[in-house]
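Inspection log for the structure reproduced underneath, given as structure tokens.
Order as written gives the chain letters A, B, C and D; numbering starts at 1 within each chain.
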Amino acid sequence: MAHCIVKEAEKILDKPFKVLDKGFIRLVDYLGSDERIVQAARVSYGKGTDSVSKDEALIDYLMRQQHTSPFEQVVLTFHLKMPIFVARQWVRHRMGRMNELSGRFSVMQEEFYVPAKEDIDPQKKDRLERALEPVEPAEAAKIQSDLKKGQKKAYESYKDLIEKGLAREIARINLPLSLYTEFYWQMDLNNLFRFLKLRLDPHAQLEMRKYAEIILEIVRKVCPVATASFENIMLKQVAFNGEEIDALRRVLAGEANPLTGPKLDRFLTKVKTGHQM
Amino acid sequence: MAHCIVKEAEKILDKPFKVLDKGFIRLVDYLGSDERIVQAARVSYGKGTDSVSKDEALIDYLMRQQHTSPFEQVVLTFHLKMPIFVARQWVRHRMGRMNELSGRFSVMQEEFYVPAKEDIDPQKKDRLERALEPVEPAEAAKIQSDLKKGQKKAYESYKDLIEKGLAREIARINLPLSLYTEFYWQMDLNNLFRFLKLRLDPHAQLEMRKYAEIILEIVRKVCPVATASFENIMLKQVAFNGEEIDALRRVLAGEANPLTGPKLDRFLTKVKTGHQM
Amino acid sequence: MAHCIVKEAEKILDKPFKVLDKGFIRLVDYLGSDERIVQAARVSYGKGTDSVSKDEALIDYLMRQQHTSPFEQVVLTFHLKMPIFVARQWVRHRMGRMNELSGRFSVMQEEFYVPAKEDIDPQKKDRLERALEPVEPAEAAKIQSDLKKGQKKAYESYKDLIEKGLAREIARINLPLSLYTEFYWQMDLNNLFRFLKLRLDPHAQLEMRKYAEIILEIVRKVCPVATASFENIMLKQVAFNGEEIDALRRVLAGEANPLTGPKLDRFLTKVKTGHQM
Amino acid sequence: MAHCIVKEAEKILDKPFKVLDKGFIRLVDYLGSDERIVQAARVSYGKGTDSVSKDEALIDYLMRQQHTSPFEQVVLTFHLKMPIFVARQWVRHRMGRMNELSGRFSVMQEEFYVPAKEDIDPQKKDRLERALEPVEPAEAAKIQSDLKKGQKKAYESYKDLIEKGLAREIARINLPLSLYTEFYWQMDLNNLFRFLKLRLDPHAQLEMRKYAEIILEIVRKVCPVATASFENIMLKQVAFNGEEIDALRRVLAGEANPLTGPKLDRFLTKVKTGHQM
């Protein structure tokens, strides 16, 4: 039987995909494929999976029933380069296995993230996150230039301390969160889908979302069937709570919607936008 | 500020709740409460939580948005006694911390699970699990008596080998999966809710569900607000996939339902029964 | 760069290695190799690893310094068949990812573990485990035959309940712990080494140790350098506590050993046997 | 039986212990105590623990034998304030549960770490870490003042962007790694001991070590017996590999030490310093 080799995945192996201004994602290796998920599920459920004869249908069934363990049998290894403030969110996914460049041992390179003009957004009032409209182009250019100046200054001080012979682990403490770092990162497919569900959400920080979007495309090359299933069942999924299901039942039976006020608003917005609220 | 002490939880501390014929669940201790969840969330989201002024609303918000980490700050310690075949499913929840009685070190007691007559069910045809109607009472009584005989026999052989001085770890190998075992088990509230979501599901094995039902009631004593939120938002939740949300949008707009065949069936059953399919 | 392909590992891929009377271990797939460990370490420690120029020396350094994360970048997938009482210990290693045959969904086969005559040992008095000398051959043969009878009886009852149409999840509850189960199991190399350290220990149950010994040989095919390093540094390692190190210091300086009584005994036994006590 | 209340721990509950120039550690709550470890072990090993009659001896036995699960039954919750570069190392301990202040939601305060003069060390040549002798006082004062200037500048730019109405999550990207953050952190005692073993090591970064030292003292208040056992058996432990144990055996038997060159040096340094190398 040997290794699971996926033709489309082989084509992108080791190829860096650009993200943000200086970052990248590179698929280093992968273990398993759609086929492995099916093998593992057939060990688990044995004859119980015979009725679900086709692999696509079986993977859909596993995804719907939250039988998550067969998806864990697929593992992907990435090499990533990203700003530290994104890496700080990334590392919170505790099921990942990470080997990050250490500023204690290496001298850091002068590479900082500067947001594109169209990504320089004002603070939203209600949700405390970024607004949808960017600031004026002239203002954005000014902000970019100020950020660059701050980064240059911080790096000069760092370089200066290093040259004076100061310990690297101390010299680096004033480097900004926009500094690029890099790491190897390994994740199983089940946790990768949960990662993507959270990080592709419109509430996730824009920079994080840009990485998640590339990860999704890479995962699709390795496991096209499972990824299609994830998109339809998990990513586009909208969940309704007890009260909302009651309301739905009545509406479908031709009765009036018993929800009112903010509860009704949330219900209607979820249906309309297809976003979990 | 000191410990979070919850009056209703104190009342049941150390009290064994009976499960099945010889099992029990005992709350040994707990760390945190609804209040701790709120504290932890306010550290995380800072000013971002001010708009959600009331604790109940904040906990609902965290549950809806899947901000799961504040729920991890609550931990419960249980002492459980259950048949080995249930314990084998229990241990699959890897976030739990367990100390189980070892048959290598201790001589096992003669305590086996015998299902009640009304729980002796035939095999279902389609879902490969238990059917809803039990077998005939006379037949059930016969099965009970056969199970008991098998258990008695197996225990006699075990006892015999122990008395001959055989190593306990070898003497025990023919003891049946219906043997009772016991263990200390510690779980955080976030993972406990995920455990309950899976194990209260009608597809979970009946015996497992009976334990999960008691766990739910104990959790409610420790964290009444979070448990109410869990029940409404997570437990009674029904999730719809991309195609189903499209269908819903159209139906609510007065259009015809585009779903047909098994997809339509599943959609309607989900709305009608309130069960994820 | 592509996949890490290890010639010696390719040769054994998918080949079942026999364990006990009816069990096996099969290497299904692997991700990474000695080379990947080195790659990951060089990302982490950067220039800090230049002084350790050769790969063998770098891997030894990582092992000695307990820099465990580069070892996590190697993952092995196994297919295992073993008695349930062994599987119950196996599953306690929570970092493993498992898909086990379910007795709820499948009808179990009539395959039970019967210990070889020479493995039928009496209970030890002091350590409460198995003694080193087996019971008399005639007595062992009698025990074997009794175990087989008990297994046959239990399987007949099971078969009978299945034929009567009883739910599989209930019919199986009197099957013994000596029944063979099987599962897919995936583990990273860091946790696999910790698993081996515990399960190759003379205090581990004999049957478990036999599986661990085969796992060690399979791991050696995939990562020969890391496995050699593990054996010398971790497996044969004996650790001394604060008082013992003090004693050692004095003895090496030509002074008298300050340890007495049971502390002295333990110290000398550790040195003599090379076993942690 | 109720909660495990430890008198000495109650006295320090909620009391902030100062660390570095502006950081603190506060014990928020705890679950279990030395007594709980013993309870959990007695459930696991049953009669097997009777020979070890006293609690201290049982805890020592568990520590020596690496029976780690009973230690997991104790959990501590901390509130910590520390510079981001320390928090970045802290979060790598994946068994911890963390709720950290988010710069996406809150406006960060102007609080930065400035190392004390005596902690401003030059880079070591061989180990690529900090040297043992600090730089000259006048030079250190200059570095301090430069670091403060850089921090002031960075905060002014941040404040300016916030006032312009820029999204917080973007405004913060040039804040330095010396910025203070805070979080709730929960860890079980087994993983806390592993954390301390790594982070009290002389190779750990000085700032990290200062936090670890306070954590050790807090843990001692909650579990004095387990902490004493940890210090003697695990913290002061020096492990010898296969070759070194061979050498030791010969030396104790009056033979010549077969080790030579760097291997001999490492062996002698381990004995002399009591440090793992």
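Here is the rule we go by: a contact is a pair of C-beta atoms (placed from the backbone, for glycine too) under 8 Å apart; a residue touches a chain by one contact, two chains touch by 3 or more.
Because the structure is a prediction, the values reported are computed rather than measured.
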Between B-D and C-D, name the chain pair that shares the greater number of C-beta pairs in contact. B-D
Top of the farthest list for chain C, CA-centroid basis, is A
To the nearest 5 degrees, please report the angle of the rotation taking chain A's Cα atoms onto chain B. 180
Just curious, how far off is chain D from chain C if you go by their C-alpha centres, in Å? 30
In whole angstrom, how far does the Cα centroid of chain B sit from the Cα centroid of chain D? 35
Mind pulling the chain C residues that touch 2 or more other chains? 47-48, 98, 105, 128
Show me the residue ranges of chain A that touch chain C in the complex, using the header's touch definition. 1-4, 10, 13-14, 28-32, 36, 39-41, 43-48, 69-70, 72-73, 75, 77, 79, 97-102, 104-107, 182-184, 186, 188
Touching residues (chain side chain B, partner chain A) in the complex: 47-48, 51, 64-66, 126, 128, 198, 203, 231-233, 235-243, 245, 248-249, 251-252, 268, 271-272, 274, 276-277
Residues of chain B that touch chain C when the two form their complex: 83-85, 88, 91-92, 94, 98, 103-105, 113, 115, 119-124, 128-131, 135, 139, 143, 146-147, 150-151, 153-154, 157, 160-161, 164-170, 172-178, 205
